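Some notes on the structure that comes next.
Naming follows writing order (A, B, C, D, E and F), and every chain is counted from residue 1.
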Amino acid sequence: MENKVVTFGEVMMRLSTPGFSRFIQSDAFDVTYGGGEANVAVSLAQFGMGAAHVTRFPDNELGRAATNLMRKYGVDTQHIVYGGNRLGLYFLETGASVRASKVIYDRAGSSFADLQPEMIDWERALDGVSWFHWTGITPAISEGAAASCKKAIEVANSKGITVSADINYRKNLWQYGKKASEVMPDLIAGCDLIVSGKSDAKDILKITSNEPDEDTSYIDVFSQIMERFPKVKKIVNTTRGSISASHNTLSGMLYDGSQLLHTTTYDINPIVDRIGGGDAFMAGLIYGMLEYQDNQKALDFGVAASVLKHTILEDANLATVEEVETLLNGDTSGRLQR
Amino acid sequence: MENKVVTFGEVMMRLSTPGFSRFIQSDAFDVTYGGGEANVAVSLAQFGMGAAHVTRFPDNELGRAATNLMRKYGVDTQHIVYGGNRLGLYFLETGASVRASKVIYDRAGSSFADLQPEMIDWERALDGVSWFHWTGITPAISEGAAASCKKAIEVANSKGITVSADINYRKNLWQYGKKASEVMPDLIAGCDLIVSGKSDAKDILKITSNEPDEDTSYIDVFSQIMERFPKVKKIVNTTRGSISASHNTLSGMLYDGSQLLHTTTYDINPIVDRIGGGDAFMAGLIYGMLEYQDNQKALDFGVAASVLKHTILEDANLATVEEVETLLNGDTSGRLQR
Amino acid sequence: MENKVVTFGEVMMRLSTPGFSRFIQSDAFDVTYGGGEANVAVSLAQFGMGAAHVTRFPDNELGRAATNLMRKYGVDTQHIVYGGNRLGLYFLETGASVRASKVIYDRAGSSFADLQPEMIDWERALDGVSWFHWTGITPAISEGAAASCKKAIEVANSKGITVSADINYRKNLWQYGKKASEVMPDLIAGCDLIVSGKSDAKDILKITSNEPDEDTSYIDVFSQIMERFPKVKKIVNTTRGSISASHNTLSGMLYDGSQLLHTTTYDINPIVDRIGGGDAFMAGLIYGMLEYQDNQKALDFGVAASVLKHTILEDANLATVEEVETLLNGDTSGRLQR
Amino acid sequence: MENKVVTFGEVMMRLSTPGFSRFIQSDAFDVTYGGGEANVAVSLAQFGMGAAHVTRFPDNELGRAATNLMRKYGVDTQHIVYGGNRLGLYFLETGASVRASKVIYDRAGSSFADLQPEMIDWERALDGVSWFHWTGITPAISEGAAASCKKAIEVANSKGITVSADINYRKNLWQYGKKASEVMPDLIAGCDLIVSGKSDAKDILKITSNEPDEDTSYIDVFSQIMERFPKVKKIVNTTRGSISASHNTLSGMLYDGSQLLHTTTYDINPIVDRIGGGDAFMAGLIYGMLEYQDNQKALDFGVAASVLKHTILEDANLATVEEVETLLNGDTSGRLQR
Amino acid sequence: MENKVVTFGEVMMRLSTPGFSRFIQSDAFDVTYGGGEANVAVSLAQFGMGAAHVTRFPDNELGRAATNLMRKYGVDTQHIVYGGNRLGLYFLETGASVRASKVIYDRAGSSFADLQPEMIDWERALDGVSWFHWTGITPAISEGAAASCKKAIEVANSKGITVSADINYRKNLWQYGKKASEVMPDLIAGCDLIVSGKSDAKDILKITSNEPDEDTSYIDVFSQIMERFPKVKKIVNTTRGSISASHNTLSGMLYDGSQLLHTTTYDINPIVDRIGGGDAFMAGLIYGMLEYQDNQKALDFGVAASVLKHTILEDANLATVEEVETLLNGDTSGRLQR
Amino acid sequence: MENKVVTFGEVMMRLSTPGFSRFIQSDAFDVTYGGGEANVAVSLAQFGMGAAHVTRFPDNELGRAATNLMRKYGVDTQHIVYGGNRLGLYFLETGASVRASKVIYDRAGSSFADLQPEMIDWERALDGVSWFHWTGITPAISEGAAASCKKAIEVANSKGITVSADINYRKNLWQYGKKASEVMPDLIAGCDLIVSGKSDAKDILKITSNEPDEDTSYIDVFSQIMERFPKVKKIVNTTRGSISASHNTLSGMLYDGSQLLHTTTYDINPIVDRIGGGDAFMAGLIYGMLEYQDNQKALDFGVAASVLKHTILEDANLATVEEVETLLNGDTSGRLQR
C-alpha cells in the first residue's frame, strides 16, 4: 500500500484500574500507552496502511516502553525524539451503568509539553507522506507544542499533503496563557478536513447557528467554517447517545460544502472501553478517504470502526479492515467465528 | 461536619470468586470485609460524615485486617473490641443474566456471636453521637448479640440519639432458640425510623394488609406499625425489580405517618456488585435526613446512592456526595468525566 | 442413579484470552479443556448422572491435565487411552457487543486424530451403559476417528444402548479425503435421536424443504430424515437469535415423527461464555429423556440448561439440576440466593 | 497396580496469601484443599498407586470443591460422607528468609469435627485395601473423630491391613476434654509403623531418653515405644534443619527394632511451599514399603519425595515416581528437561 | 501507649512491575504509597505506638488513596493538607541476583513540592507529641519543603520534643538552587539523634576522617558532627553488604558521644522488597528508644526490624513487635508458626 | 550504528505456567514468543544494534502476535513470510531447587517446518548486512528448513557476511529421515564462528579427544573442527554448573586457533528464567565482536550478557549495554539504582 499517514501529538502512559474497580480500591493498574493522534496511527497500521507517529518522550525506560507499544502495532517510530523530564500520564477508572468513567490527567511538565519546533525535522518526517493528522489537544498543551504543530502544518501544506484535524476543545488544557480562539484559526486554515461539533465551533471559532432544525443548523455552522477557512473542504462529526456508561449509540455526519451525509445509528452494549472512540473514527475516515475516494463510504467506515473500538480494550482500535467491513455491511450479530 | 453516626453489627470476611467463576471453578477468592451495618458506616464516611462502627473481632491478623479496611475508608474503629474464636465469613459467587448470585454463610461461633453486653462501653461509644443504626441481623445471631443491641438502643434513647433499623428478616438466622417475633418488637420500640418491607412486617410483627392497591396496602401496613410503635415516625422501603441477575430496577418509598413519598424508578444494567444495595440506601437516607432535613430529598438521595452502589465492587458504597447528586439530578448518562 | 451415559470425541486444550482482550493484546491465556462430547459428559455428571468419556490423549502432562479436569468434575475417565503426538488445541478470543468471538483451531496431528478403532475396547467401555452420544465432529477429524465412531455405534446398537448424535457440519474439518455425505449416513443410521438444523440436513444429507412456513418446513425436513433413517425416532434443534455477541435468544424444538414440540424463548444478556451452549443443551436433553421420559420436559430441560451454560465460564455446563429446574419453572430473575 | 491405600482425616480449605504478601496486605487468597492424611492419598495417586480418602464434608459447593480437588488428582472419593455445618479452613501466610510462615486455623465446628463412628461404613471402605494411614491430628479434633479413628484401626486390624500413623502432637488441638496421653496409646497399639519424633514420644507417651548421643537416644526412645506397643515394627522420623524460612535441610531415619537406618541430608533452597512436607514423606515411605519391600529404599524414597514437595505449591506432593527416583539417584542439579 | 511520634515528608504513589518483570515488559503495575518518613509512621503504628504523618496531597482520588493507605495501617492522618497539582510518583523494577532494582522518580511539581510553611499548623500537629522525625529528602525537594521542615523543627524544639533525622543525601534532588551544605546544618542543629553514614557526613557537612580503622574513623566523624551540633547526642548508621540484589547482610552502629555500639550482622536471603529498609530501621530505633530507654536494645531492635522489612512487600515495615523480638532473640530459623 | 545482524529460525509461542506451578496445577499460562535465533536478534536490538529476523508464521492472529513481539523490541520483521498451518508451540514449567524445569515441545507441522527455500528472498534479506546467525535447531526441523538454511549461508558467503552458528544438537529433533552428521557439516563449512560443546562435536561431527586435561581436550576438539572446516576461525563455548534449578554458575571460553581464552565464573542465584541463556550469550558475543573487535572483550561481554539473562523473564535478553558493562566491570552487587 503506498499511502502513508503521519500523526503528531502527545502519547501518555495510561494507568487504569482493573475491571470496574475504583481508584480508591485498586492496588494494581493496567498499563498501556496512548494519545489521540497516536491512536489514529495504530489503527491505520492495523488496517495495513503505512503509519508513522511523531512525538517526544523522556529518554528512559518508560519512554522506550511507549515507543515499543506503537512499534509492536506496526507504527513507524523513527521520527520520535527523546529528551525532557517525564512521560505524561493519565489515570482511568472505568464506569458501568449509571456510574461514569473518570480520567485524571497528570501531563504537566511532560517531555512533549517541553517540545520546541526545531526538535523535529519535519521535512524528513513528512517525506513521501500522503496525509498528516493533528488534533486540538496539541496546541492546547504548550506554546512549543502549538508552534511545532504550526510548523508541521506548514511543511505538510508545502508538500501538498492532505491535512486533517480533530479540533476538539478541552477547556482544562490551554493553561499557557493563550486562548484556543487565538491559536487555532491559524492552524485550521491549513487543513483540508476537520472534525468539529457545534460546541467546538462555538468555543474555538465563536461560530453558532440559530437554525431550529438539527441538520440545517449543522449545515449553517459548517458552511460558516468553510467560508472562513476556504482550504477546509470536508467537515465531519459524530453523534453519541449516552444511555449509560455501558450503553451508547453512535452515528456520523459529513458535510462536503453541498451535502450533509449521514450514517446509520449503531447500538453499542456493553461498552468494553470507551477511550479512543473518536480516534478510531478518525482513523477509519482517513482510511476510507484514501482507499475508497468516496465520502459516504469513508464516513460509514469511520463510524463502524469507532463502534468496534468501543468493544476493544486500551486506547487504540485494533480492529482489522475485514472486521470493520463486516459491521459496515450490516452484520451486528457478533456470531462466533470458527 | 458535626453529625456523627454509629453503627453496630457483625463484619465478615467476604470471599468471592473472581468475575463470574463458580465456587467449584475457583482457585482464588477476592477478599474484602463487610456487614450490613458496617457498610452503612463506610458509605457515610465517603460522604464526609463522621461514622464509627462497633463490633467484635478475633484478636488475630484477620480481625486486624477487617478493622484496617474500615479504617482505610475513614470509619472510626476505636470502639471495636477484640476476643473470641473466629471471624465470621461468607462466600460469594456472582451470577449473571439468568444465573443468580449465591452466598454461603460461615458465621457460626464467630467472635461477634459470642459478644456479651458488658463487653462494649456504650456510654462512651455513643458519646456525642447524632444517630445510631442497627439491623435485624444482629439480634438474630445470638442471645448476646440481641442483648447488646438492646443495651445500645437503650443508651441511645437515653441520650436522645436518633435510632434507625433495617429490620430485615433472615429466616436462616434465628437459630439460638428465640423467634424474631419475640425479640424484635422490644428493639423496634426504641427506633425513630425503620426500613421494612411488607414481608418483614408479616414475618416479624404479623402485620398484614388486605388493601388491594399497592400504595394503600403499604400505608395500611406502615400505619399499623406506627400505631404499635409510637416512637417510629418514618418507615421506608425500597422496591427492586429483578429482570435478571445483571439487570434490576430500583425505587423507594417513605411513609411519615401521613404521606407515602415515592422516588423515580432507576434502571441498573449491568449490575457490578449486588451486595450491600440496601445498606447503601440506608447510608444515603441517613445522610439525607441529617443534611437536608427533608424526607423527599433524603429518600431520593438514598435510592440514588443505592443505585450507584450496584456499580461498585465490594460490600460498601464508595460513591461520593457529588456522584450521588449527579444521579439524583437526573444524569444517568454515565458520560466520561475528564 | 442407575443410568450411565458414555460420550466419545476429541478433547482439546482451550487457551482463551482473559476478559475481552484480543489475541494480539494478550500475554496470558486462561486454560481449560473441552470438546463437544466431553462437555456433555461433564454436564451430566453435575446433574448427578453416571457419565464416562472415551478419547485419546498424548501420554504427557498435558494429556493428564485434560483427564484430571474431567475427573475433577466426576466423569469416569478409565476408558481414555494414551499415546500419539500431541493434544489438540483451540484458541478463543471472547467478543462483546458487535465484535464476534473468534476461535482458532490447532488440532491437526493430535493424538485423537491418530486414533485407530482397535485402540479402544468398546465392549468394555459400553458395558452396563444406557446411552451413547457422539457428534458430527468426530468422523470429520480423520478416517481412524470415523471408523472408531462407527465401531462404537455398532457395539452400542448390539447392546441395545440408546444412541444420540449432534450431527453438526463443520466445513473446515473433513480434510482427510472423504465428504460428510459419504461418511455420515452410515453413522446416523445407528442413532435413536439426533440434533440437526436445516443447514446440517442440507449439507450432510442433501435434504431440503420448499415449505414456506417455518414449522412446516422443519417438519418436512425432519420427516424426510426419519424416512431415510428409520431408527431415528426423535430430531431436535435449537434456534439462536444473535442480537449481538453479548445478547442472544434461545429456544428449542423436537419432532417425534408426529408432533413438533416447542419451548419458550429465553433472553440471555449478557453472555458470559458462548462455547458449549449446544453441548449443554444435549446434556440437558439426555438427562431429561432418561429422568422424565417425557419429550416436552426433556426438551424444556435441555434448553434451560443451555441458557444457563451461557452464564458459566469454560466449555462445560456446571449448572445443577436444581438450577436448571428453577429456570425451567420460569424464574429468570437471577435473585440473590442466601 | 494392586496395592490400595486408604487414608482418613480432615480436609480443610486452604486460603493463602499470594506470593509473600502478609495477611493484612492481601485482597485475594489462593484457594486449595488439603489435610495431613489426604495429602498422603494425593501423593500416592501421583505415584500411580490406588488411593482413597475418607472424610466428611458439608453438603455444599465448598465440600464438593474439596472432593473435586482430590478426584482431580486421582483419589477415590466414594467413601467420603456429607453433612454437618461447615468446611474447616486454614489461612496461610508464606514467609521468606528470617520471616516465618504463619498458619491460622479455623476448623472448630467443622463437618469432620462432628463426625460420628457410625457415619462411615469402614467394612466397605477398607475392603480390598493393603494399607491404612491416619495421623495424631484426627483423634485430637473431637471425641467423635477419635472414636471413628479407633473403629477404622480395629477394622483394619481385623482385615490384616498394614496400619501406619504419623502420631504428631499439636498442643493447640486436644480441646474436647481428653488428653493425647489418654487417647493415643490405644490407637498406636493397632499400628505397624509410626512416625514419631522425640518430642512426640515425650508429649504423648511420656517416653524420654537420657542417652547423650543422638543416635543412641533415638534408639532408646524407639525401643521403649516398641516394647510398649509390640505391633509397632518400624518407627521413622525426619530431621529438619531450619537455616531460614527459605532454606532448610532434610534427612530421615528408620528404626526396625534392631537397626537405625539413615538417609543422606538434602539441601532445599529456595523452599516454594513448606506445607505438607511430612505428608509427602509419609506417602513416599508407604510407596517405598509397598513397592520395594526394603526399609532403606523406602526411607530414601520418602525423604526424596519430601524434599521435592518443598518445591511444589499447594498441600500435596505432585511429584511422579520418576522425579523422586531422579533425586534419589543423586541428581540434585535441577537441569532443564526438554 | 502514651508516646506519639509525628513524621513529616512526601508520600509518593509507587508503581512497581509485578515479580521480576522489567519496565519494558510490564502491562500492569502494582500500586502502593510510601515515602521515607511515612514508612516510619506506618511501622510505628504496627508496633502499637501512636503515629501521625504530616504531608500534602492533591485533592483528588489519588491523594485520598494515599491517605487511605496510611489510615488503613493506623496512622493518624488528620494533619495532612490537600491542594496543589499532582501526586509524586516513583516507578520500581525489582531486580534479582546480579540485576539491580531500579527506581525512576517522577515527583517534580508535586503537591508536596509546592508546600509552603504556613499551610501546616505545626502547633496543633505537634501538640502532645513525644518525637518528631524528618529526613534529608524533604529539604532537598523545594524551598518551601525546606522552610516547612525548618518550622516544624523549631516548633518541636520549642515544645521539648525529641527530634530525629535520617540526613541521607540524594544528589539527584537539590534542584531548586540551594545546596545541601547550605540548608542542612541549620536543620541538623535542631536534632537530638541523626542517622548518618560517612558519605552523608562528607557530602552534606564536609566532615571526613583519616583514621585508618573502620571503627575509629566512624568515631572520628561522629565526634566532629557532635562537636559542631551540640544538640545531637546520638548518631546511628547501618552497614549493608550487597552480595547480590537477592542477598544482603545488615548490621548497625550507634555512637552516644563516648561509645560506638554494634549489632550482630544478619544475613537476608532472599530479599523480598528492598525499599524502605532504612525507614524500618529508623522506626525500630525510635520504638526502641521510647520503649526500652536503652541504646543497645534500641539499636538491636532497629536492625532486626530492618532485616524483617526486607522480607515484606511494599514500602513500610508491617512486622509486629513480637516478630522483631523473635528475631532479636536470635531465632532466624523462619520455622512455620501454627 | 551501521552493523546489522540477521538471524534465521523458528519462533514458537511459549506457554509457561505462572510462578512455580506445575503443568497439572495451572489454569492459566503466561504467553510470549521466542526461538533460539530470534532471541539473539531481540537482544541485539536492545543493545542498539540493527537486527532483523527471518522466519515463517501462519497467516493468523497468532503469527501476527509473534511478529508484533519482535517488532516491539525493535527487530526488523519485514522479511518474515506468512503461510502454512500453525505456529509451533512449547510449554514450560519452571522448576526450583532440586526440581528441574520442563519443556514440552509441540512444533510438528508448523509453518516454519513447511518452509521451502524459494519462499524467502535471501538476496534482499541479507542486503547490507554484517553478520548472519543460525543454529543447529533449524536444519533439524525439516528438509525444507535445512535447505533454506543452506541457501541463506550460501548467499551470506557470497556477500562476504560473517556467519555464526550455535550448532547445538537436539536429539529429539532430526525426525525427517536425515541425520545431523549428514546435514550439518555442509552448513558448518560456511561459518566463521561457531558455538560448540564437546558433546555437540561428538554427536554431530564425531570429533572427540582423549586429552586428560580439560583445557587441552577442548583445544584438541576445537583444533580438529578448525582443521576440518577451515573457514571456522573461532569456536566458543559456555560451561554451566548446575548447583540446583535455582542456582547455577556460568563461564565461557573461546578458541581462536592459537589461544583458549577464558572468562570469570559467575554465580547466578536465584535464576529467574533459564530459557535463552545460550542465545543471550550469542547476542553478547556478536555485539562484542562487532563493537570491540577483541576476542576477550567479546567473550566477556557474551558471558556477562548471558548471566544477566537468567534474571530476566521470557526468552530473550532485555538487558542494555550499560547493564552488561556494569556486570562486566565486576559489579555483581545488584545495588538499588535510583
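Going forward, contacts are C-beta pairs under 8 Å (C-beta built on N, C-alpha and C of every residue); 3 or more make two chains touch, one makes a residue touch a chain.
Since we're looking at a predicted model, the values are computed, not measured.
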Setting chain D aside and leaving every other chain in place, which groups of chains remain linked through touching?
one piece
In the contact graph of chains, the distance from chain E to chain F in steps is 1
Between B-E and A-E, which chain pair shares more contacting C-beta pairs?
A-E
Over half of the contact pairs shared by residue number: find the pair among D-E, A-E or B-E that meets that against B-C.
D-E
Using only the C-alpha atoms, find the rotation that maps chain D onto chain F and quote its angle between 0 and 180 degrees, to the nearest 5.
120
By CA centroid distance, what chain is farthest from chain C?
E
From the C-alpha centre of chain B to that of chain D, how far is it in Å?
45
Chain A and chain D, separation of their C-alpha mean positions in angstrom
63
Residues of chain A engaged with two or more neighbouring chains
19, 22, 24, 27, 68, 73, 102, 270
Chain contact graph, described as a line, ring, star, complete graph or other shape
other
Provide the full list of chain pairs in touch.
A-B, A-C, A-E, A-F, B-C, B-D, B-E, C-D, C-F, D-E, D-F, E-F
Seen from chain B, its contact residues with chain E in the complex are 68-69, 71-74
Within their complex, chain B touches chain A through residues 19, 73, 266-272, 307-308, 310-314, 318-319, 323, 326-327, 332-338
Under the stated contact criterion, what part of chain E meets chain F in this complex?
19-22, 24-25, 95-103, 105, 170, 172, 242-247, 270, 274-275
Within their complex, state which residues of chain A touch chain E.
15, 18, 22-24, 26-32, 60-62, 64-65, 68, 85-87, 89, 91, 93, 102, 104, 106, 108-109
